[in-house]
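Below: a set of structures, written as structure tokens.
One chain, subunit A, appears in both complexes that follow, with subunit B as partner in the first and subunit C in the second.
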Partner chain A sequence: MMRLSGFSILALAMLFLLGPFFIIAAAGLSAGDLLVFPPQGLSLRWFVAILDIERFRVSFLLSMELAIISTGLSLLMGVPAAYALARYDVPFREAMRTIITSPVIVPAIIAGLALLRYAVIPLGLPVISALILGHTALVAPYAVRVVSVSLTHLRVDVEEAAILLGATRSGAFFRIVLPNIKNGMMAAFILGFITSFNQVPVSLFLTGPGISTLPIDMLGAMEFVYDPSIAALSTLLALMTILIVLLAERLLGLSRYV
Partner chain B sequence: MFADRRIGLMLMMPAMFFVGIAFLLPVLILLAEGLRTSEGWSLARYTSFFSDSLSQEVMLRTLRLGFGVTLASAIIGYGVALTIANASPLTRSRMTALFILPLMISPVARTYAWIVLLGRTGLINKVLIGIGLTEEPLRLLFSETAVFIGLLQLFLPLMVLSLTSALENMPSDIIPAARILGANWLTIFFRLILPLTREGLIIGGTLVFTGAVTAYITPAVLGGSKVLMLETLLYQRISVANDVATASVIAAILIGMSIVTHSLIRRLTSGKRSS
Partner chain C sequence: MSESQFLDLRDITIAYGAQKAVENVSLSVAQGQLLALLGPSGCGKTTLMRAIAGLLPLTQGSMTLAGRDLTRVPANRREIGLVFQSYALFPHLSVFDNVAFGLKLRHLDKTEIEERSKVAIAMVGLTGFEHRLPRELSGGQQQRVALARSIVVRPRLLLLDEPLSNLDARLRLDMRSQLHRLHHDLGITMIYVTHDQAEALALADRIVVMRSGKIIQTGTPEDLYERPQTGFVARFMGFENVLRVTSSGLVSDEGSLPFATQSLQNIHALAWRPHHVQLGQGPFKGRILGASYQGDSIEYLLDTPAGHLKVQSPAASPRYQPAQEIAFDLPLTHAISLRED
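Coming up: the complex of A and B.
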């Protein structure tokens, strides 16, 4: 009895969390012109149509570039920081950790507004650079945390042994540590990429006519598009994410790092 | 391991400077702007924000939705997490993965689904009319209920995941032991499960609460200008009136709430490690 009611709660929760995806996927597969469920006949026409819309193609590419660049930058700075926190007696450790993790605490919309007002407008910083700054800062805490997790799993004495056998400290880092935290770095990259790619609030104030990320463009289009195209696009994005996450889970065990 | 503090410091510097200058500094300037008026430093912006009836309404709604979504996710979360924790290890890890998955999918796509479901010609209205509960389609979108549902869907997985890991750390034989000693399920829940998973509940609760009160996409899409929350109010104040002072006050409120909840999590998790 307890078991049965437990499983029905689980099933209902799953339906609540995942059901809506099936609804938008079905609505996106509609052959008709209206966004409805159940769909009016089935066809792939909206999935084809969405690929033809220039605006979405441009913002998709921008979101991809932005996610790759900012995650790359955040790893470049995050890996040394995580290594220092794991292996060195860093002065003002807690204060520094607080500063690096502050992007998690400050709501992203505020960072976007602050960057617009105090970097883009007065300094004439190009909007794309401000987007990169904002996204990199936002992803950095995740990079530090995920890499820290894999560093704590790596035994310190392996490095000590390498140094005793004559490796320099940086040699030991590049030849011993780095290959061993490769999976953690990949996981950090994937999580950071997804965070940046899906990010809305930080980009909200930093996009405008001519430069926009995909999620911002979709939000804008929702207000005046009543055909199934956005549903088709949402479905494609969801499928892309599911594919990435499943692959990462298979290859790296992504959920260990979340 | 390595005692050289200079090298440690050097390794920290790039990330420190980057986050400090490109992120924290602009945010601090923005916060300072809310404390400044033409006559110098003052709290005037704050008093006028808190005495404005629209701000009060938005503030109350944000807190109401925050606590409501947290409470609902805790109730559903326990039901789900107890079931998952009782399953076999393989099912358990598959289920956990299924709850992580929605967290990775674009919140814009996740929110959009509710437009299809809750719209005037949406599935819910069709069903309601079909079974004769109502004749006219109900106005479900752009209501607080719609925002509540959207937020719950977005943040429920966070609660499920923290409760599941808290339950996994609980000794597995204590529930059967309590059953044998004659405790009923209510007693077991309130006297055993709740106290033993308190930390997981608080961690999950603070994650859900901060997520809900600082949400932008859900209230923007499902609430519109009728059901404003703090972040949509901030956006509106800037885009309609370029009212930086109000935006700065809202920013301070949001950051304040976020700091309180994060330090709570921090204290709980660091306490666990040292014990």
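Coming up: the complex of A and C.
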């Protein structure tokens, strides 16, 4: 009895989480001209059509660039931060950790508004720099947390051994620490990339005329496009994310770091 | 500089805040000597060793190695090797690359790196394992990689932190004799940190016993084994029955035994090894609490008016049963006299 009810709760949760995705995917596979569920006949025509739309190609590339640059930047800051938190007697360690991870806790829409109101407007930042800034801040907590996890697996005395063999502190970091947290950094990169790529609330405030990320563009298009193309595009993006996560799990054991 | 002061520590204190982990320690090690730092955990021996390696700053004091003041030399320039208790091998590097690591940092040419690494790997008996990763090796093999990695760079001084404590008993004996041979063959000056007096006795040229951050006694293994000076060292060296001398007799925390102590003036305490306590005859009465068979001997725990005593009798002698009342003697001829701790 317990088993059965446990199973049904699990099934309901899965339905709740995955149901919308299947509805969207089915709607995208429609052969008709309207976004409806159930779909009117089955075809891949909207999946093909979506690739021809110029504005989506442009915003797709921008989203890619943005995700790569902001995740890269967040790792550049996140790795040293995680290292310092793990190895040194940093004053206010817990406070620092909280501040670094706060973008995960603060609702993204508030972070976006705050960035716009108190950083982008007063400083007159160009749209692209504003986006990079916002996304980097958003992704940095993942970088710090994931890299921290892999650092805890590396004993301090391994670094000390390198130093006693003649390495400098930085030499020991690059020759010993970095190769051993490589997988953690890859995992952080993938998480950060997906987070940035699918980001809506922060981007909503920071995109400007003529420059838009793919999710924002899709949101805009939904207001006046009623054909299944958006559903097809959403399905493609979801599949891409799923594929990346599956690959990462397979190659890196992503779930160990999260 | 005389040879007896190859490594010279002067008046070293290491404090964490108000807590002194090592206090006013001075000691010197002769070139080629193997010195054991012996003491229970928390006595400061590992702290002292880490400070010698340069991994911890001195709060006070100075040290020289081969005439050179080390106090301000960073750890990576001290030419001191350290074999960690945890081995601390580089997890992502093969056995060969672990061993060659220090040589590569010295920018030696490739053939020399290869040559010397191979010799070191052969010396610890791991030829054929060059391409394994540390996680593919047993504890004993990892230990030997750590050793090879340290000696291949020819350190002036090699520190070993409880190197055998993570190995099982048989492997420990085996590694102990390998270490002995390596020390003999290479002539490297070594400091060996351990809490195991048997290891210290077997390996060391000289033993330094530490307790609560201070040196209690220094001497050759024979000195310490035959002539411990305090109750603490005596217990460490197998004199398990330590009784204080007072005018009313021999005293422990639990009680006292009447004993003619007039001839024992200025002696703080007396100690006997378990096999020197005589059972079956003598002026004192005790009761057997337990017996454990050791093969060639039997160990008894004896309840006496002065607390519990440990007694060891040859297995061939008459057996006594638990709860049996029995006479015993503490012969003065086998006692050693101790000063206050």
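Criterion: the second predicted complex is superposed on the first by the 248 of 258 C-alpha atoms of A that agree within 3 Å, B and C clash if a C-alpha of one lies under 4 Å from a C-alpha of the other, contacts with A are read in each partner's own complex, and residues count from 1 in each chain.
Methods note: contacts are C-beta pairs under 8 Å (C-beta built on N, C-alpha and C of every residue); 3 or more make two chains touch, one makes a residue touch a chain.
Since the model is a prediction, treat every value here as computed from it, not as a measurement.
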**Prompt:** If subunit A is used to align the two complexes, do subunit B and subunit C fit next to each other or clash?
**Reply:** fit
**Message:** After superposing on chain A, what angle in degrees do the C-alpha centres of subunit B and subunit C form at the C-alpha centre of subunit A, to the nearest 10?
**Reply:** 90
**Asked** A:L35 contacts which: subunit B (first), subunit C (second), both, neither?
**Response** first
**Prompt:** Which partner does A:A221 reach: the first (subunit B), the second (subunit C), both, or neither?
**Reply:** neither
**Prompt:** When the two structures are overlaid on chain A, which partner does A:G166 contact: first (subunit B), second (subunit C), both, or neither?
**Reply:** second
**Item:** Touched partner set for A:I68, first subunit B, second subunit C, both or neither
**Value:** neither
**Request:** Check whether A:I9 is in contact with subunit B, with subunit C, with both or with neither, and answer first, second, both or neither.
**Result:** first
**Request:** For A:V90, decide between first (touching subunit B), second (touching subunit C), both and neither.
**Result:** first
**Prompt:** Looking at subunit A, which partner touches more of its residues: subunit C or subunit B?
**Reply:** B
**Request:** After the superposition, pull out the minimum Cα separation from subunit B to subunit C in whole angstrom, please.
**Result:** 8
**Item:** Doubly contacted residues of subunit A, that is, touched by subunit B and again by subunit C
**Value:** 160
**Item:** Partner subunit C, residues of subunit A touching it in the complex
**Value:** 154-155, 157-158, 160-168, 171, 175-176, 179-180
**Asked** Inside the complex, what are the residues of subunit A that reach subunit B?
**Response** 2-3, 6-7, 9-10, 13-14, 16-18, 20-21, 23-24, 27, 34-38, 76-78, 80-81, 83-85, 87-91, 96, 99-100, 102-107, 109-111, 113-115, 117-119, 133-134, 136-137, 140, 144, 156, 159-160, 169, 194, 197-198, 200-201, 204-205, 215, 218-219, 222, 230-231, 233-235, 237-238, 241-242, 244-245, 249, 254-255, 258
**Item:** List of subunit B residues in touch with subunit A within their complex
**Value:** 1-5, 7-9, 11-12, 14-16, 18-20, 22-27, 29-30, 76, 79-80, 82-84, 86, 93, 95-110, 112-117, 119, 121-123, 152-153, 156-157, 160, 185, 214, 216-217, 220-221, 231, 234-235, 238, 244, 247, 251, 254-255, 258-259, 262
**Message:** Under the definition above, what is the set of subunit C residues touching subunit A in their complex?
**Reply:** 53-55, 75-78, 80-82, 84, 86, 88-92, 101-102, 105-106, 146, 149-150, 153
